[in-house]
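Shared chain: chain A. Partners: chain B in the first complex, chain C in the second.
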Partner chain A sequence: MLDTLRQIETPEGVFLRLRAAGALPRAQAWTIDFVLRMLVFWAGMIPLSLLGRAGAGVGALLMFVLMWAYAVVCEVWFGGQTLGKRAMGLRVVSADGAPVTLVPSVLRNLLRVVDILPGVYAVGLASTLIDPYGRRLGDVIAGTLVIHGGELPAGSQVPSVAPVAPPPGLAADEQAVIVEFAERCAQLTPQRQQELADLLQPLTGCTGEAGVQRLLGYANWLLGRA
Partner chain B sequence: MELERITVALRPRTAREAVDLGAAMLRAHARTVWSAWFAFSLPVAALCIALGWLLHWPWLATLLIWWLLPLFDRVPLYVLSRAVFERAPRWRETLRGQRQWRWGGTIASITWRRIDSHRALRLPMELLEGLAGKQRGERWRVLRRPIGTEASSLAFGCLELVLVIFLGLFLSVVLFIPAELMPDWVRGSVGGVARRTPEVTGALIAGVAYLAWSAIEPLHVAAGFALYLNRRTQLEAWDVDLAFRRLRDRWLAAGRAAAVLLLALVCACPHGAWAQKVAAPKKEEAPVTRIEDAFAVPASNSDKRFATAAAEAFRDPRFGGAHKDHTWVPRNWSWNPKPVQLGRSPFEGFGNVLAIGVKGLLTLLLIGLIVAIGVYVIRRARMPVIAAHTRGDAKLDTHLETIEVQEVLPDDLAGATHRLWSGGHRREALALLYRGCVEQVAAALQLPVEQDATEADCLRSARRLGDTQRRQRAEAIVRAWQYAAYADRYPRDEDFARLLDGWPARHGSAA
Partner chain C sequence: MKQERFVALHREAWNELQHWLDLVERKQRQALRSPRAGGFPAEYRRLCHHLALARARGYSREVTDRLQRMVQQGHRLLYRPPAPRWHRALTFLIAGFPRLVRSEWRCMAAAAVLFFGPALFCLIALQFHPEWAHSIFGSGQLAEFEKMYDPSNDKIGRSSGTDMAMFGTYVMNNVSIAFRTFASGLVLGVGAVYVLAANGVIIGGVAGHLTQMGYGGPFWRFVAAHAAFELTALVIAGGAGLRLGLTLLAPGRQRRGPAMVAAGWIGAQLALGAFAMLLVAAAIEAFWSSIAWFPNVLKFGSAALLWVLVIGWLWRGGAEGGDGA
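== the complex of A and B ==
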């Protein structure tokens, strides 16, 4: 099965699923960051340009900070997100899913020197396209990963129906999918709801709208509603 | 539709994740996609470049190749759409398949709809679903509504990536060829080179641009296709469908197994052979379907009833229908802003003062930094003996310390514990106290001491003690032991003394 997940098993036997981000969202996040930094630099240079050569010197310092410190500060102290990544719902974490710490963050940002070759990030792009988790060379060496941190599209509240006990013997994932059906019901047309409910006719014993209602009843029961 | 054969993990995704799924699909089928891509597009591109050369229009080749991209897009989509449900076709099959695929959408894309940022999303709808006329318009509105922005940003993102590859290829040539090896006229301005050999420059630019598009355009198509798959998963709950099918199959199989078991029991031995015959699972022929059926929206224009039902469904607010949009429009907009006159800066003097100040500050910072590094290095050089010593000790503490376990608890447990504690064996003291506590609790509850009881078990049984004071003491002892055993944290002397407070003088007697 093709997917972009990176699964990590914790010692407690819990599977963490990191949704690795690929080249396109990352390039867009970088573009946003780039434009923002240029805007800040430009806005800073307007008053600085009045100060002659001193202003140019301070401007160079500003440029340095924006180029090298901005990403590290954002990643370590602001939840692994630069402003561009925040806008795109991305987040830098270490490869095991823990928050990124100072040294890996500095390392991955220093290695931009390699990724930026030959001046337009072509090496970084090739690396993100080839790596299964969309890491550039800096990420590979620093042991970090860029993931989608945003919320998944959520279903709506399960409609309240008189709870009905489902037949015994349903596995946990099967129960979960019945609840998921109930949560996403509101996004489906009535015809499609019935089509899906008809698939479970051997389980529910009824078809059509009655089948849908029965499944909603199961979901209410599984959610523990009285 | 045969969702069971899908090779992509279906789950609810955000549109951006779907784009990455496209990249993953492309990575999995890279060889087939690109072999078909080059087999199809390389001759066309070569023809374009030759045309530009012969007509002495250096810009023509690049323009033509760009213009024909929607034509090339068919190839990756053909491969990927089949790879999703069955095996990826070889490049010969792909080229042969192009003849039977619909052309309407492609012709639109390379003529009046060439500048369309939603191309990657529209492509699968037009080529795979094959709806016609008004229905297609409705369908497009439904598909596009929440992800139109994503499709556009995908197109611009891909444009950016193409630019990166294009410039990257040129720049790496400049970077890796030593300047001495380049002829003199190349070392001048780019414009000079272009004027000197317009045909070569044009062909070169077209060739490199073609390579850049070859790298990124399949990604564009794959990402658009993944967006499309994701949207249909969302609209039709494909993942729930798949899980329901699996559940139904398991349910029916379980039911069948139960029935067979019953039958076998009822029929007993003489009819065993018959029962076995029933039990043998029927081998169903794998139904052969065309890929178009997998994606097709079940539509037939002749069926009037279906058409009205579909139209009604499309009007459903969940699908689209009428909705309001709000946009910002500038009120007084002019293309010719008034020019601003810049005078001489009045702050030059202040700037110079600031410059000297900042310079001094930076120098101080630099000196401070160097001194700090020097001090650090010198301290480091002096430290190793001490550092190694303490570190070795710490290791001994955590790894080599063993607790000598006495088989039988001493009669005067409190005294023995106290002796151990004051002798510096704090861990042993707490271990002994804990064991005593376990035995005491078990004795108080008149239960046997379980060999495999954990600290949590001990706490649980301590909670069953009637006497509040004894219960609290037992809990305090267990906690103190846990902190010592797992975290290397020891209580202070007075806290330890409080743990021993009121401990029975003789082992086994009541407190």
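== the complex of A and C ==
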């Protein structure tokens, strides 16, 4: 299936659902980080330049920290997010969904040197396009993954109407479809609601607005509302 | 059990847990010290149980999505990386790192040959063919080297700049070179081979040229001490890069993916160790090596001590009762 959703079973026996991030949001996050680091470097160099040559040395140290240590520190001790990733809602996690630790974070940031190679991240871009989970080479070797941090919007409320018992013999996934329809129907236009409800005319026995109301009634019954 | 009843039964507990999880994201220290923290693992497991039940019973997304989100939040908290410990870092540097270097001795030996081979060749060849120096360096560069190591300088090894300025520059340059050497090993090892050999030629070339023209005294007095850490760290970073490239070419009796992950894990640790060594090297280079008036005995004596220290550390550090691994 063409899907970037990665399901990982935890030791507790449930599944984590990680939505892998593609090249575009990551490039945006990198750009934000780049601009921020440039600004910090400039802001730092103004007072340092007053210190003369020793200031230049401290400036080189600052440059070093921004270039090599910034991403690692942010990823390991600030929830897997640099400031740019935080702004884009991205997060670095290890391949098993746990928060990223020091060694993988160091590795993925060192291997950036290769991902950035022929010009502007050409190797990294090729790698994110080939890999099913959009990982660049550094991520593949470090065993990490960049995901969308914010989870999918939770299902919305089912409108309350008088419950109607559906015909017997509905399978579990068929029941789930009816409940999902009821959850989403507030987001659909009435025309679209009726169009979808008409597909179930053999089940409900009515069309148009009556069909929609009948399905909502079934959903309320399935949810156990009395 | 119908969904509505299930939610009514547990809503209170979920709300409380959600509230606490949100508090942790905002004020971690305070939330983790509250008495509630001790019960969190059990609560989290109960939550996972609820999610599994909700999915198995086909409850609507209204419920499963909410539980899913809480589980992911809880998972992040329960399995977060441990706080940094100085003791662990120290243990790694004293024992773990030398052990790792020894366990990868083949790559390290190859890297050492790739680096010291060209370096020694240039050093010796330039004694007999001084004009070859002009094929390695431009005349501007040669003039700069000669200025840096002019015996009449009161500071050696630099044409200008204070100790602090040079420390920053050394850290930035040397560590960046070491990190790039390691990472470029991923390109089938070619990058690491090239960087090692090129640095060997440059360093050997400078040494050969200055020795031949009679500036050898200040030059060797300057480099002898910090070379112990600097050159060794460069070789180790290069060896780690070679390991990465060789694993990509010949993963052995493993699939390429897992083999690369294992090699990367080792390589990153070696790179971290090399980083620590280069910090030491930069400190020595900036604050000790540049002092010109120390007598030769002190200069070369300390250098010999450092070399013995580095080799002894890498050879025996972390060894337990004669294991040669």
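By definition in this document, the second predicted complex is superposed on the first by the 199 of 226 C-alpha atoms of A that agree within 3 Å, B and C clash if a C-alpha of one lies under 4 Å from a C-alpha of the other, contacts with A are read in each partner's own complex, and residues count from 1 in each chain.
FYI, contacts are C-beta pairs under 8 Å (C-beta built on N, C-alpha and C of every residue); 3 or more make two chains touch, one makes a residue touch a chain.
From a predicted model like this one, the values you see are computed outputs, not experimental measurements.
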Could you say whether A:Val103 touches chain B, chain C, both of them, or neither, answering first, second, both or neither?
second
Touching partner for A:Leu216 - first (chain B), second (chain C), both, neither
neither
Using the superposition on chain A described above, determine whether A:Arg53 touches chain B (first), chain C (second), both, or neither.
both
Output check: A:Ala71 vs chain B and chain C. Expected answer is one of first, second, both, neither. What do you get?
neither
One more residue to check, A:Gln187. First (chain B), second (chain C), both or neither?
first
Given the touch rule stated above, what does A:Gly79 touch, chain B (first), chain C (second), both, or neither?
second
Contacts of chain A common to chain B and chain C in the A-superposed view 53-55, 57-58, 117, 152-153, 173, 180
So in the complex, which bits of chain A are touching chain B?
1-5, 19-25, 27-28, 31, 49-55, 57-58, 88-89, 117-123, 125, 129-130, 132, 134, 148, 150, 152-153, 169-170, 173-174, 177, 180-181, 184, 186-189, 191-192, 196, 199-203
Can you tell me which positions in chain C touch chain A when the two form their complex?
2-5, 44-45, 48-49, 51-52, 55, 58, 60-62, 64-66, 68-69, 71-72, 75-76, 79-81, 84, 160-162, 164-169, 171-172, 175-176, 179-180, 182-184, 186-187, 191, 244, 257, 260-261, 263-265, 267-269, 271-272
Contacts from chain A onto chain C in the complex sit at residues 10, 12-14, 16-17, 53-61, 63-64, 67-68, 76-77, 79, 97-104, 106-107, 110-114, 117, 137, 140-143, 151-158, 172-173, 175-176, 179-180, 183, 222-225
Within their complex, chain B touches chain A through residues 7-9, 11-14, 16-17, 19-21, 23-25, 27-28, 153-154, 157-158, 160-161, 163-165, 167-169, 171-172, 174-175, 219, 223, 234-237, 240-241, 243-245, 247-248, 250-252, 254-255, 309, 313, 316, 318-319, 345-348, 350-352, 354-355, 358-359
